[in-house]
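Here's a structure for you.
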Amino acid sequence: MSKVAVVLAAGQGTRMNSDLPKVVHRAAGRPLINWALEGISGIEPDRTMVVVGHGAERVLELLPPEVEHVVQEPQGGTGHAVQVALDALGDLADDDIVVISYGDMPLVSSDTYMALASLCEPGQAAITSVLLDDPRGYGRVMRDSDGRVVKVVEERDAAPEELQVRELNAGLYAFAAGDIRMAVSQLRSDNAQGELYLTDVIGILSAEGVNVATVQAEAHDLLGVNTHAHLAEIEEVLRRRINQSWMERGVRMIDPSRTYVGHDVTLAAGVILYPGCHLEDGTVVEAGAVVGPDVFASESRIGPRCRVWYSVLRGAVVGEGAQVGPFASLRPGVTLEAAAKAGTFVEMKNTTVREGAKVPHLSYLGDAEVGEGANVGAGTITCNYDGFEKHETHIGAGAFIGSDTMLVAPVRIGDGAMTGAGSVITKDVEPGALGMERSEQTNIQDFAARREARYRASRSREEA
Amino acid sequence: MSKVAVVLAAGQGTRMNSDLPKVVHRAAGRPLINWALEGISGIEPDRTMVVVGHGAERVLELLPPEVEHVVQEPQGGTGHAVQVALDALGDLADDDIVVISYGDMPLVSSDTYMALASLCEPGQAAITSVLLDDPRGYGRVMRDSDGRVVKVVEERDAAPEELQVRELNAGLYAFAAGDIRMAVSQLRSDNAQGELYLTDVIGILSAEGVNVATVQAEAHDLLGVNTHAHLAEIEEVLRRRINQSWMERGVRMIDPSRTYVGHDVTLAAGVILYPGCHLEDGTVVEAGAVVGPDVFASESRIGPRCRVWYSVLRGAVVGEGAQVGPFASLRPGVTLEAAAKAGTFVEMKNTTVREGAKVPHLSYLGDAEVGEGANVGAGTITCNYDGFEKHETHIGAGAFIGSDTMLVAPVRIGDGAMTGAGSVITKDVEPGALGMERSEQTNIQDFAARREARYRASRSREEA
Amino acid sequence: MSKVAVVLAAGQGTRMNSDLPKVVHRAAGRPLINWALEGISGIEPDRTMVVVGHGAERVLELLPPEVEHVVQEPQGGTGHAVQVALDALGDLADDDIVVISYGDMPLVSSDTYMALASLCEPGQAAITSVLLDDPRGYGRVMRDSDGRVVKVVEERDAAPEELQVRELNAGLYAFAAGDIRMAVSQLRSDNAQGELYLTDVIGILSAEGVNVATVQAEAHDLLGVNTHAHLAEIEEVLRRRINQSWMERGVRMIDPSRTYVGHDVTLAAGVILYPGCHLEDGTVVEAGAVVGPDVFASESRIGPRCRVWYSVLRGAVVGEGAQVGPFASLRPGVTLEAAAKAGTFVEMKNTTVREGAKVPHLSYLGDAEVGEGANVGAGTITCNYDGFEKHETHIGAGAFIGSDTMLVAPVRIGDGAMTGAGSVITKDVEPGALGMERSEQTNIQDFAARREARYRASRSREEA
């Protein structure tokens, strides 16, 4: 049996107040269309066809290579979209199964698609329905006196007694290809919106003797997105699912409702996450690391037993037992090796800090290498940019950089070398040497009193 | 028809453990009394009279000019407060409508007040009631066998069968002025607390043949404040309402439950707010700006397509496409023009950064101007305070300020000028010139080893 | 009547994915076993015996001195654990009361233990039961036709009709010592797990004519911990309880669900906590202090009317009206006296800042004292570590430290003395004197243009 999934990437996003197609909006760091495709991938479809309309190129760049697409232009309703998809799919056999879903329903599980597909065969269709106390806005599933589904009635077309029905159409279907081809060819646009409604195929199929089975779904899983409020709701559900799954695998979260873990992040058992962690874009956290409160990390690796808090990491690699923060910013190309430290008010970019080296406070290191066990004093800055180009700084193993040292790159500080506090180092310092740039200190006695007297005198003159 | 709203700003705040009158406490950045007045303003009352007691002056300074007030001194119960208010209102016509509410019920909607007022006329009063499973603490609404409201019984005075009643008095009323004047004149204080209870007017009016209609309200909207736990609950409801409303208008919030937007903040469609944003005091965020995580902004304007994160803004203006943070503090009087940058560990006060100029790291700029396209190196500080007065620093367009430059104000760096790293600049630098303050670098060979030997020797002597 | 509490510190922590014994995990900063012991302490037991197994030493170090323990080795089931505990308790009288609980049920209240103990006497046992719609996983409480408890049936051993029972065994018991000794001696391990089940004692006692009373408990209070998801749930309940209790006592919390207050923290009425506060390890906050957003404070004291925000405090003492942050880090040994300030990008360690002294920006002070009313310029650093030892810096009252001053310790700046911006101060500065280390400023005209020309020429050569 061949299975084919059609994703209807419908939605002009009108109610999202946005130029973006609706399915491009992200929840938990991933576009809605990709969440939908993941749900569908659980049934291992032979082909997946996405129907795109408005803003097609923004959708297309999100599709994995194995997913096909077709542009529906102009858009003539959901029934038309399925016609377009079937045309694009071309040579389906009559007993191939077509599963139909929406690109803006990111929470539907593979189980639901599986149930639909397994109930379906030629002469037998399957739809999802949901029971809601408040049915407003949904199409009603109408059954005959034998309980057989005979049609779906849209709310605006429903008679008063039909409006009482609490079994609602959830918008997910499976049909044999022959059946759905037959049914969509009979769709007519003589309705209020002048469009082809996909829901009309249920009545057509039933009239043609096709039996329509229903899969009961949870309202919860069927949340669609029409507003940013819906998107926030979906984000919350995904957050709960993701975090629940990590906690089951041994991750400790002090407050999972305030812990934001992207879909492509990897956490080890024994990790502790404090509130306010935002982990994104393939970030990996290894066993025993304690992260947060308030850490942003994207495209980063946080090693075993690290302590990272109140910091921002982008494209950084933090080795075993290293310490970051509070209040550090590690930018792309930073590697802290084992037991290294990027402390308080420390920013780094394109810099390697070797094992056990420390940069404890108030420093900016860019395009630099800090040797094993070196100590970089507070206020140290690599002057890596001369206004034209970036240059490199090398600090040797065991070096001791005095506070407020300016390292004017390109420059090398040798192994075990030192720099004097407040020095501007423009020339290399040899291993074991002290590099120093400083004048003599002069103390001027009674300066403060005389200065104040001068100030008061000048103020008196001004005011006179 | 003339409408008059009376707000009863009751509440000695005894259970709030605070010296402040209860209605002065803030929720979502606005005092409770002002939330109540906003709800009432929806019915466009001709006059609004606030009855104040304890801590009157703290309440009065919050009242808009069109709102009148009267001091109830001493406080003799809710019925007495209405007597005082009616006296202060003076010459009401008998068919004027008096709406009565409380200053500590901030969630009541204009719709509820509207419903009360529209049901009311001479001979016809209106009260709100609510149905609760747990009626404890509320007065019960008693009806006769025809279903007509005959009185409200306070819980402490209720007979056992009266305690079973689940329809409760919510404390909001509308009366014709003639009716309420008549009723309050008949109130008596022969009760447990020796006070005049406003609820007794219902029985009096009913006995006098006035019909009492009821407006069903949601328990949700009737939350009052007696403890800080109530205040937190109300804050949460307001937060949800405010955020829901912004999301409907196209604002994306990753986690609305952690997004704190004041009542007087303006957000454009297309704004993205990450968790931990606190936006207050008239702050405006323009289209396409991405704000947060963890941003505090008061009295600030964040321009289109800005990126602001992990930062504090007070009285700052951030231009189109400008970047702020992570870890920046912009204090009053700061303007970043378009595409400017205040980066990591950067503090500014009373400073303008012109278009495209960058202050990327570890800097303090106060009373300064940074010219178009200038670049300010890490560690730059304006020494703007001499212990007596603040002075200004001007940095020209396209200037290049070396790392760790001290700009001793008043001082001017010309257009296209440069300063050497680590320089203390006390004299103006001409356009295109280099200002430099530095000694020669000296390298002392083998210093580290000799220093360590000296240290070890001295330690040995000490220990000997 | 003698009461004895037995805590069963069971749990190999298998589902926690952790090496730690389950009861050692913390919620709201306190290990589960200590939460359980606190609940039990409400009945003022004469003796408390903890049965430990796996990882005993990690549990033992958490027990207060008055609590006894016994090691169950090997572990032969819950019935065996009680046998071991009774042996260890030794000489109990038959009418002593034994209360049995679990170390991983931190939310059980003293009231529940009290109810159990008070219902119990020789010939009369008491157990807790709970009514749940979803009984899965629990033992069922079976009653005879007179409603008398006759046994507890574990789910795996239950007959189909027994599975329908909704009254469930909550695992907390009180027995007369004579009764439980008799019952546990009859336990047999001929079951699926080959262990002695404590629940079997109910059937044994009932068969022996002991009456078994039940105490109805709330499901809420009976949450146990088997996964990190449970731990997060329990943390949330504890957070709500702790915060509710502080709000009742006059603390204002803008968002209690985002406010993390440890069990051993003390807050005064009138404190305001913004979201993102993590207060731990005995921290005290005094009246009128406004703390947060985003403050971590452990082992610290925050004085009356302080303002502390976006900062980290560890072992710091902050005096009345002092200001901290945004973005400050105060490490152990820091004292800010009244009205002192540690501003933006300021780190301190082992430092005292006297009354009214200010350290507003970009500074690191370690092992220092700042005199009354002194002003420390931006960029000031105490060079307290020479690579061998830490040394002290003293700044006198009313001193004025210029921006970017390096204070090379040990060093003293006298009262009312000054330092010049950018100076490296290696020698003491006398009271009232100016200490200065600086060269002459040189301006090189037209430097920028010539430098650019040189750069372009060299680039051309390279490219040629």
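By letter and in written order, the chains are A, B and C; residue numbering begins at 1 in each of them.
The working rule: a contact is a pair of C-beta atoms (placed from the backbone, for glycine too) under 8 Å apart; a residue touches a chain by one contact, two chains touch by 3 or more.
Everything numeric here is computed off the predicted structure, so don't read it as measured data.
Enquirer: I'd like the angle of the rotation relating chain A and chain C after CA superposition, in degrees, nearest 5.
Expert: 120
Enquirer: Suppose you list every residue number at the chain B-chain C interface; are over half of them used by both chains (same) or under half (different)?
Expert: Here the answer is different, because the shared fraction of interface numbers falls below one half.
Enquirer: So how far apart, in whole Å, are chain B and chain C when each is placed at the average of its C-alpha atoms?
Expert: Going by mean C-alpha positions, chain B sits 31 Å from chain C.
Enquirer: Two or more other chains in contact with one residue: find those residues in chain C.
Expert: Expected reply: 257-258, 276, 294, 327, 345, 362, 379, 400, 404, 418, 422, 438-439.
Enquirer: Residues of chain C touching chain A in their complex?
Expert: Those residues of chain C that touch chain A are 16-18, 25, 227-229, 231-232, 235-236, 239, 257-258, 260, 276, 278, 294, 296, 312, 327, 329, 345, 347, 362-364, 379, 381, 383, 385, 387, 400, 404, 406, 408, 416-418, 422-427, 429-430, 432-439, 452, 455.
Enquirer: Which of the residues in chain B come into contact with chain A in the complex?
Expert: Chain B reaches chain A through residues 244, 247-258, 269-270, 274-276, 293-294, 309-310, 326-327, 344-345, 361-362, 375, 377-379, 388, 400, 402-404, 418, 420-422, 438-449, 451.
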